[in-house]
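Given below, in the form of structure tokens, are the structures.
Below are two complexes that have chain A in common, paired first with chain B and then with chain C.
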Partner chain A sequence: MSKQAAKQAITLKGSSALVTEFFKYGINTILFQREVYPSDDFHMVKKYGQTVLVTQDLALENYLERVLSQVQKWLLERSVTQLVLAIISKETRTPLERWVFDIKLVEPAEGEAPAAQKPDTEIQSEIRAILKQIVSMVTYLPVIHEPTAFNILAYTSDSADIPAGEWVDTDPLAIEASKSQQVKMRSFSTDVHRIEAMVAYRYEE
Partner chain B sequence: MAATPKTPARSRARSDAANNLANTFSNLNLSPTKGSSYKPSPNPFMTATTPKRPPVNDSLQRQAQEGIAKKGGLESRLNVVTIVQPPPSQTTTQAKQIKRSKSSSSVTRSDRFITTRDDPTSTLAQSQRNPSRPASPDHTARLADAAGVNANRRILCYHEQPPAPTTDASLNPAREYARPLLRPASLPTSTGAQTNKSRKIPTQPERILDAPGMVDDFYLNLLSWSKATNTLSVALEGATYIWNADNGNVTQLGSGLEGTYVSSVDFSNDGMFLGVGTGEGDVELWDVETGAKLRTMSGRQGQVATLAWNEHILTSGCGDGSIWHHDVRMPRHKVMELLGHTGEVCGLKWRVDGELLASGGNDNVVNIWDGRVGDVVEGARGAAKWTKRNHTAAVKAIAWCTWNPSLLASGGGTNDATINIWNSTTGARLHTTHTPSQVTSLHWSPHRKELISTHGYPTNSLMIHSYPSMETVAEIRDAHDSRVLFSALSPAGDVVCTGAGDDVLKFWRVWEKEVVSGARKKKEVKESGQGNLMGTGLTGGVKSGSTKTGRMAIR
Partner chain C sequence: MPANAPPSSSRLTTSTLTGTRMKAGSSLKRDSLAAELERDPQLSTAKRLARKTTLNTHLSQSALDRELAALRSSHAALEAKLKDRDVQITRLEKDNEYLTSREAEEQEEREREVGEMQGRLENVEEELRNVRRLVAEVEGERDDALDERDALERAKEGTVADLQAQVDTMTGQVEHYQSELSECHAQAEANGRLVQSLREQVDTLTEERGRLVGSRNDDAGARVVREELARQTKYIRNLESKNLKLTSEVTSLRERMMSVEVLREEKRAMEKKLGQLDAMRARTVELEAQLEAAEKERKNWASKAAMDFVPAHDVLADLRLQHATLLEEHGVVSAQLNQRTIALQAAEQREFESKDSVADLKNQINALKQSVDRRNRAKAMDEREIGFLKALVASYKAEEFVSTSATSPIGASEHQSDPKDASRIEDLEATLAEYKAANKTLLAQLDTMEQNPIHTASSSRAAKDEELAKERAKKEKLQAELEAALADSSSLTTTVVTHTATIDSLEQQLFELSGEIAGGRHVPPNTRVLCFKDNPMQQYVDLRQEAMDKLKGENEALMQRLFEVEARLGARGPAAGGSGVGDGDGMDVEETMLVGSGSAGAELVPRKSWETEKEMRQKLEEELKQREKRILRLKEIFQSKSTEFRACVTSIFGVKLAFYPNGNVRVTSMYDLNATFVFQPLGSSKTSSDTANLQLVAQGELNPEDVTDLMGYWLGSEQCMPGFMAAMTLQCYETWKKGGGQGEVA
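Up next is the complex of A and B:
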């Protein structure tokens, strides 16, 4: 019995790995769907019970790997609160889209028994729903006609341990409030983390 | 304390009045001096003591104190006009009016200079216009709150910019061709292998044999394992070797070829004879027992890349695309010619009952032929029963199902990398599955509903697929250091021998025989304790290294 419980309980470490993995596939999906990188850079991989497109551009792969490994460290320290994938115009550097992932810690209320552990399959189906939603967003997000680049921003707490020289403070690459529209997306949660997704995009009449 | 609410109000009234009164410079110059007397009272204090007071007063007071009105006199008035438009909240205006009446101010409430600077943007604009004065912490907090920014957190990004897309569109066709050679994403396991959860499939070879000089050529077929005698024949360049799986003895057939190479080997069904195809187009017949060459059947122009036996008929596939039936008993050995390929024939398999023959070629075609030779006349030709053109690359991997005679599996080369399952009776394609890399050989398991495929660059893997779901049961990546080209199934159907250009043969026990019950299993293992496992007879001989990693040489 106890063995089974121990097997099912998700730890901070496990949850961080899960969330980081979701970011990897989520970011890849966005980069593919929004055509930030040529579509034939991507190949299909079975993940979460569906095919996900993942880049095979080595440089990009390594870049994401480096970024996400640090994000995972922050997740373990509980010091990252938000991850933003900003799609910006390559020439003017104006932000066009911001894919925002709020990272919230799920903490059981005081004196309350922790909620029943969430089965793995349920988490996976929630992740699957988000990824599917990202894909479906393409239908109503404005078509981007110019070449784009992306940037990953991490919102961390002041006390976060930041590797010197690797991560630098930056501006939020925000889209002016008058010109942006926001769409809230699905969320998923493990027993430790709760990820809420949102996309803001530049929309001008 | 009681005075504080009043005084700013008064000073504001003055300054407002100053604003109002046609902006005379003298008045404007006066207002800061008046206001300066209140400088010692810091802003947080003010707001703390007068919580009801809207931020209006604060900013206005600062204006008065610092003479912002003078600086941005015209601008602020323009602002006033725009901002006043929405009516100020009732309660605040009322409170102000009461105060005004007490101080008997002559200023009328309808004045347009009453700035309702509730919106943080305007205060933000003010503070930006006047950067010399540091904003109070409270103000910053309010600002931050209004702008939706959390002050005590950092926004970070990686110091490098993400890499630019590496290519321009003109390279797309080139990448399309290179794509089959790109290595697929690694398997999520540490061993680089994926196996079934429900049963254990060893991901390491049970035995490795050195086989120096194995030709690294996709189109050849250099490995054959006799079902009857449990011997393995392997061709290394010009020489053919027979390895006895029961005792591990190795014998060489003849003295080897000079000036050419062996391009294919195949055991006859009874294991007594070995057909050997050469690069010069000869088909040789060897007696395995005595090690003597019985005859050479010549007449071919290109290399004989594949051979298949059916009783006394030895069928050969040639580089020119023709398939010949050689009757090994007859002096005029060529009894039939099958013309159905325009490219080199590299895959050839007889169905066990000898009724159908399947062939695959470098022209991406799979043909199924009627196996009846019938009355043989000079120049007899057969016609293909089915011709399948679904593959998009050379078809070398061909396998007949052992437990369902109508099933045929075929696998395509690098650009195809697809396994198709055909029904040879109806000609329908029943299943198709994509694999990460070229399919070099296929075998059906005799006692499981599964088939194994071997693959070339880039994964160099062994894959086991279930049938009919075609799901991957196991995948062993990098089974060899170079592409896995040849394979042969043991007589018991549990061990697969693979050969590759890295000069070794590896034996994989992928289809362990299923045991009925646990008790019986134990007993059986006890009985076969000498290492003669499950009837393969692959003991390798105790002398010649019985450890699993034991390494021996073919020559």
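Up next is the complex of A and C:
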């Protein structure tokens, strides 16, 4: 019985892999839905019990892979607190949207018995809900009429191990307070991590 | 011979050369020598040798001398040349010096000229500055003058108006004077006429005097005439004096006229003032009228007040009287009211008392009712007791009857038990009597209590009051507690409300703060914001920067070129400007490139642009090459694959396939090359899906009889092309086998 429980319990490694995978599909979904890359670049794959659009652009794939592999390392080290996908106007270089994924560690309170293991299906359904919410966000986010590019920012702790030359400190690509609006989105959690999604966008009347 | 050989081979060659040269000239000498040689051959040989050497030396010496002479002459010539050169050099040096001096002079002169020019330029600039200053001053002056002119014009207009007025007045005066003059003229004429008439009279008188002188006879007449004459002269004098007086009067009048004009002016001014005074007077009159009206009103008021004074006093007295009566009435009414209130209070007291008595009576009634009830109950109990006793008596009687009727041994025991029963009955009766006595005493107590109801009521009331007071105190305490609890609960509800409000505000704040973080405006402490160095945005920015740099370079080159062209055009002036751009001087060649062979100027592009274009073109060409190479490779692959495929088909199905670009397919049996069929796809489209519906359109040189049956069966009735082909293959194979298996198999 205990063996089975141990088998079902998710480890830090497994949780990191799951979260990283979610980031991959989440970022792809955002890039497709917000038309940062042409729709032809994406193809459908089956994931989390639904179809998800994933890029076929080799350069982009390569970039995402490199970024996410590093993020996974940081997740294992517990040194990343936030991952932000910023959509930026190509012309003016102003940030238009910031898709923020807060990464929190789930730790049971002192003296409290650890919660029951969360079934994989439940995690998947939560992820599915977030992805669907990202898709539905398009209906009320402002329409972007200009060509855009994107960047992925990682908020890490000071003590994080950073590969020199590959990752650099950067401006947080903030949206001015007077023109910023935000919407809190769903969240999902494994037994180790809790991911809370939020989108802040530029809204000018 | 080698021992006699000359030390220098060069000399030998020279001597032999000279020897051969001298051969013709010394033929006679040789003869004598030959004679000597003939005479003594032994000696002659040595001599000949010696002579030969002497001759050689002589010859060489002379040759050397000659050479020397030639060299000397050449040396002299060279020296002469050298001298000439020297002379020339000195001349040239002189020229050079002269030229340098000239150049220096020119330089000095130029410097001087430049200095002068600069001086002049400075002077000119100074002058220019002066002129500008002057211009500015002049402009200022001009402005002043314009202002002055305007002022003057205005003044002029004023003076012109004044003068016009003066002229008008003058013309008026002139007219006046002219009229006076005409009057004077008329007077003068009248005087003249008078003078004329007087002269005429004088003439007539003189004539008359002459006549009278002629006829002086009559003294009396003469005397009369004299008198008349004296009278006439006197009259004339009078007239002249009058005339003088009149002229003086005229002049005085003229003067007075002037003063009259002045006076008129004054009068006009006075009249104007008078007009103003009239207005003032009208105003004064108005004010006076107002004053009068006001006075009248005041008087009216005063009179009215005087008239109203007396009745007002009466009214006041009446009012005071009324007031007094009213006060009196008020006092009476208030006294009555007091009495009434006292009566009311007494009545209330009475009512209260009667209520109390009613309540007491009610209580008494209740007590009586209760006593009646009790009596009734006691009566009923007594009746029940009587009934019970009667039943008991009956039962005793029955028992007695039974005991009397039955004489049995039981009777002994009954008799034995009789004292027990009797004692029991006695006990019972005693208890009953006790109960009755107790009941009686209780009833008596009750009656006494009812008889002294006041006492009991008072005692019970006191107790009740105490109880009530206790209850009240308790109630008040409870009320106070309740109020305290209510106050607590209200304070708790307020705190709950405030807490909910703070929770709401904190939640809002939390949302806003999370928005701050999400918007990137706040970075949590001890956190680094990192991004991948080679991110898409950076790539885009780099690309754009590169393009921008390129464009900047091109632009700079273009600007430079433009400046140069402008500078050159400016230097050459408009006359040379037409052909300036295309002239290929050194700078042009360096900075621009000629592209194509059209007209000059238009074809010149900056080197930078050209290089950029070239680079881009090279890139495109490379890409094109790569693409072509790829296509070629794909074609090759396709070719090899198709060959493989066909070979495979040939070996498996026994037919060779050939595909034509128009979509036709030629099928040839590998066993009979004459068995060839051409199929055409049905429909216009040549896509692969349509190849299933092929149509036979031609056939090779086969025996029609062999084919017709097969075609009739497979294509006509079965409509199966593969079957037809298979049958054909079989047939061809049979034929080929019969033929010995030679030839057609590929």
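Keep in mind that, in the parts below, the second predicted complex is superposed on the first by the 205 of 205 C-alpha atoms of A that agree within 3 Å, B and C clash if a C-alpha of one lies under 4 Å from a C-alpha of the other, contacts with A are read in each partner's own complex, and residues count from 1 in each chain.
We adopt the following convention: a contact is a pair of C-beta atoms (placed from the backbone, for glycine too) under 8 Å apart; a residue touches a chain by one contact, two chains touch by 3 or more.
The model shown is predicted, which means the values in this text are computed figures rather than measured ones.
Participant: With both structures lined up on chain A, is it a clash or a fit for chain B and chain C?
Facilitator: Chain B/chain C on chain A - steric clash.
Participant: Which of the two partners, first being chain B and second being chain C, lies in contact with A:D40: first, second, both, or neither?
Facilitator: In the superposition, A:D40 touches chain B alone.
Participant: Have a look at where A:Q56 lands relative to chain B and chain C in the superposition and call it first, second, both or neither.
Facilitator: A:Q56 sits against chain B, while chain C stays out of touch.
Participant: With the two complexes superposed on chain A, say which partner A:G165 touches: chain B (first), chain C (second), both, or neither.
Facilitator: After superposing on A, A:G165 lies in contact with both chain B and chain C.
Participant: For A:A200, select first, second, both or neither according to whether it touches chain B, chain C, the two together, or no partner.
Facilitator: second
Participant: Where does A:I123 make contact in the superposed view: on chain B (first), on chain C (second), on both, or on neither?
Facilitator: Neither partner.
Participant: For A:R66, decide between first (touching chain B), second (touching chain C), both and neither.
Facilitator: Touch status of A:R66: both partners.
Participant: Go through the superposed model and pick first if A:N151 touches only chain B, second if only chain C, both, or neither.
Facilitator: both
Participant: Could you figure out whether chain B or chain C reaches more residues of chain A?
Facilitator: After superposing on chain A, more of chain A is contacted by C.
Participant: When the two structures are overlaid on chain A, which partner does A:I27 contact: first (chain B), second (chain C), both, or neither?
Facilitator: neither
Participant: Of the stretches 528-536, 582-590, 600-608 or 618-626, which one of chain C hits chain B?
Facilitator: So the stretch of chain C that bumps into chain B is 528-536.
Participant: So which positions on chain A get touched by both chain B and chain C?
Facilitator: 60, 63, 66-67, 70, 81, 149-158, 160, 162, 165-172
Participant: Which part of chain A faces chain C closely enough to touch in the complex?
Facilitator: That would be residues 60, 63, 66-67, 70, 81-82, 84, 86, 88, 90, 93, 95, 98, 100, 149-158, 160, 162, 165-177, 180-182, 184, 198-200 of chain A.
Participant: Which positions of chain B touch chain A when the two form their complex?
Facilitator: Answer in residue numbers: 149-150, 152-167, 169, 172, 175-176, 179, 182, 184-185.
Participant: Can you tell me which positions in chain A touch chain B when the two form their complex?
Facilitator: Chain A reaches chain B through residues 36-38, 40-41, 43, 45, 54, 56-57, 59-60, 63, 66-67, 70, 81, 149-158, 160, 162, 165-172.
Participant: Taking the touch rule as given, give the residues of chain C at its contact with chain A in the complex, in rising order.
Facilitator: The contact residues of chain C facing chain A are 511, 514-521, 523-524, 526-538, 540-541.
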